[in-house]
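Every chain is named by a letter (A, B, C, D and E) in the order it is written, and numbering of its residues begins at 1.
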């Protein structure tokens, strides 16, 4: 534990780096997934291919992607931009599907009611479809955020410094606390971001959490069990 | 006045939902479409606000072909209430009611004021304005649905089984409320149900439909009960009450009316005033 | 005979669903619990097959406290039909019907034979035996539910709004069917509904309940209509038909009965036989 | 490339010296020593540490976004001249100077070296009377060489071992745990860097390399040619003090005492009066 | 495009497939690790998930554990375990890492499968007199199977993609050419290895998609297709966990 206490500064600055890289990637991936997911949802024909192709991106080993991307984009392999782009691609791989699922989860009756009241198509998308897809999209975003933050550590293998540094450096120097500190820091950041997203969701989508004042008949489940 | 002229609707999968349907729906009156499931009631209704476009034929409102008006505008000018209310789950009650005024560009404050007025009209208390739909009972949700449909003060109100999902006691309450509202508002209401009792209670004009939106009988409730057009109508209007053929029976508590199975259906009072 | 003796049920969240309820339910008769939503009907019914255990009080079947028998066995010996049928979606019609015989160890072949017999009893054709529930209409699914409940030839049949989800015409059909079945089978049927018309049609004994399963009135349909215990019952049994206070009106088509609002409710025939 | 933030940071630095390092703790210590020494001489220093493999950082040195980098003469020479014949420290250093691109220069090399070696445990060496790689040829038991995965393809890897010394050995890609694997016995020959402190702490024997399979590889500052004069003033004295034993000691401070590179560097610089 | 053709010719070179370090052996190792890890994780997570789904208890704990498991970087965990267990136990360390990776999806697949079952169906099963075990085996497991297979599917995909790091600790697998190529600047090797992993993932994904369709009980044909379409993947599973 000594090592951790003596290197709090290092852990802190790496954490900030890590957070910055991950957040940019998450935001980029999210921004790209909304239109992609919308297209996939709207046009049934392209849905299958788009969803499976983006899903397949997820299976490309991260190390390989980090080395191959620079060849395709011309950017330097060790640049932060390269890592962020790779992470954003993985984020898209997860998010597109949840955007499609989210739009699918909107009750067609609600959508039809909106049309019946005189919403135009574009207006309806932003005022009705997107917010109502929100909870599912948010759930996807939370998964994306956590996995992006944890995945970002591989950046160190191509020379982008973040909390992954503690893993390779700890291994070379055989300092177990250093590796452990890295894992804890990554997990803590991931869970923190997850929590922030959850809170942001509550704030942005108050209807999902407003309590049901009328007593909802609970599922009979629990009492049966008591009875059997 | 709404006018259907030889209207048909074929869905892309080949279903003929409406076949050569013509009807005049008077203003300031309630017209009820009644018929069993799948006979085309919803399709007829949704043609009025162009949620469904007819395959053939013409629909006119006050003499003008409705295809001449942009669909979006037309819809904003017609109230529409559906089963399960169709409320936006992410809007509060007030926001839901104010939807159309907002779409028409009314300011936030003015539209909220309007929403609160309407809540009173339909019997909701102002304290519920900032709730979300799922925090209301089914009956209250339907009231919000009605308020929303009334928000732009439309001449026409379309109601598709608006009370189908609430329990009988609340339903009776909502029906009474609608009768009261209609006395005040005087809209052209087109109402869809498959409950013949509801049709007779609410309708000035009742249209009994069979598959393909075939008109079996059109008339006032009394005309239909007293003179069913054919056996099918007779059995249809009787089906839901065992039978409407009643006879008198003397009991120690007074004269009651019994149906063909000998079950008591009501109590005879001397005149038409409430007992 | 089923006997409720001072039975209460408090749910863990504090809801008192049933408060000190006592009732005798005769064998070979249909007893209907009717009341508005949440008044405790389902809770009462589910106590009979120990899906819910009472917090206080005793329930006896033919004199024996039901807690003396293992719940699983008790349930197999009591038929239970619920709204939306509660069929196993992954079992065929025949498999669904044969569930209890199979649980009781009957061979596959014998239980299938039994299932086919029962299908006939409830008016299903044998060709539907190998369908899955979702391939049937709502009404047919309810028939399967009834057949399944009858499979072990139980003395008691519990039915919880079994016809609540089907449309009125099919509902009328199923109600007739149940009346016919009951004439044949002679079970103790406990039936839950919130439709007073259905209660009066099916019940030999009707129990009108208010919140907390408070008994407002117990009696035959005629007794209740002719002599409602209090104003609440009077309005409850009237609520669903505008009013049951009818008066006579002469028209050119003959004498009709009109309600307090002047709406035609039926036609007078000279005697109790069907017109 | 506008997206490459590292380059951005460096381009504005006429006055700032950018010091880089590999993602290798020992290299990082040396880089830190350079950085602190330069700071001591009043220069602005920016650190771009832990950049990974040579392939990754060389382009940045070549384009001037990094100005100083601790390098190893032999490995660097091979990067530019794969088939080099040079083997001794001097040969390598001389040839390296000729092979570098114009924009780059090396300052004085230190005595300290951190080069590839074949290493065995003391026990294994004693049992088989090993002092040199040549001696391996006489061993009958199956041999396995552990090392980073790419050793399989390197000229001094198993193929070189066989062609130069006639030693046949299997290869096992033990990567970052090569020394542990050697100690644990999963491999009996390990490709270890000579400055690895565990050669001492774990009682290992570096086999001699009479036929020069490996190049000598001394620690050397690789710098931007246009700044080499100012930098030499500061870094040559440092290299002079950086002996083989010093480098091992520094590494021990890192792995055994778990000190940070910065602390190790400042302590050493202070003790040497630099 | 040049790169891809280089990679393909690297893959299809006959000598690539032979010997201890050949692609055939690496593919075998990769599969073996995947299968073992998912099996072990399944033995732990599936019964646990079923227990949670059946009893409705312990959900929060499961969500918490799964959340943490997902937040732990596999690469770091592998290193930590190698350091803790020692080099002689690298295979165990790697396996444990992959098991941790697979658990969240499997757990979620198992209990969301149960939770997605209409409560009325289970209520009815109990009411006709099924015992708790009968409910489990005759109703819940068959009806929850499709979502469970979905969970297995996403666990397998995640593990397949991650087993590439096994090469980092000398355990072979298709990550070996990637890591070797990385240090040698041999892009044909890097891309070739990546393509092999992606192809393996694709094949497994297709196999599981088929299995998942087959796992939908026949009775849940048309009516529930849609529902399963939209719950058949990891994201949805994860969503239901959060």
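The criterion applied here is as follows: a contact is a pair of C-beta atoms (placed from the backbone, for glycine too) under 8 Å apart; a residue touches a chain by one contact, two chains touch by 3 or more.
The structure presented is a predicted model; accordingly, all values stated were derived computationally and were not measured.
Novice: Which chain is most remote from chain A in terms of Cα centres?
Specialist: Greatest centre separation from chain A goes to chain C.
Novice: From the centre of chain B, which other chain's Cα mean sits the farthest off?
Specialist: D
Novice: Give the chain pair, either C-E or A-E, that is connected by more C-beta contacts.
Specialist: More contacting C-beta pairs are found at A-E.
Novice: Name the most central chain, where centre means the mean of Cα atoms.
Specialist: Of the chains present, the most centrally placed is A.
Novice: Which whole number of Å gives the spacing of the CA centres of chain D and chain E?
Specialist: 40
Novice: Would you kindly tell me how far, in whole Å, the mean C-alpha position of chain E lies from that of chain B?
Specialist: Taking the average C-alpha coordinate of chain B and of chain E, the gap between them is 53 Å.
Novice: Can you pull out the residues of chain C that are in contact with at least two other chains?
Specialist: Only 46, 51, 72 qualify.
Novice: Mind pulling the chain E residues that touch 2 or more other chains?
Specialist: 82, 123, 126, 179, 182
Novice: Pull out every residue in chain A that's touching 2 or more other chains.
Specialist: 157-158, 168, 171, 174, 220, 222, 224, 228 - these are the residues of chain A that touch more than one other chain.
Novice: What residues on chain B touch chain C, complex-wise?
Specialist: 36-37, 167-169, 172, 194-197, 200-201, 221-222, 225-227, 236, 239-249, 251, 253-254, 256-258, 260-275
Novice: Which residues of chain C touch chain E in the complex?
Specialist: Counting only chain C, the residues touching chain E are 46, 49, 51, 72-77, 80, 82, 84-92, 99-100, 103, 132-135, 148.
Novice: Any idea which chain E residues touch chain D in the complex?
Specialist: Residues in contact with chain D: 20-21, 82, 86-88, 90, 167-170, 172, 176, 179-180, 182-186.
Novice: In the complex formed with chain C, which residues of chain E make contact?
Specialist: Per the stated touch rule, the residues are 118, 120-121, 123-131, 134, 139, 142-143, 217-224.
Novice: Please output the residues of chain A touching chain D within their complex, sorted ascending.
Specialist: Interface residues on chain A, with respect to chain D: 2-3, 6-7, 10, 74-81, 156-159, 161, 165, 168-169, 171-175, 178.
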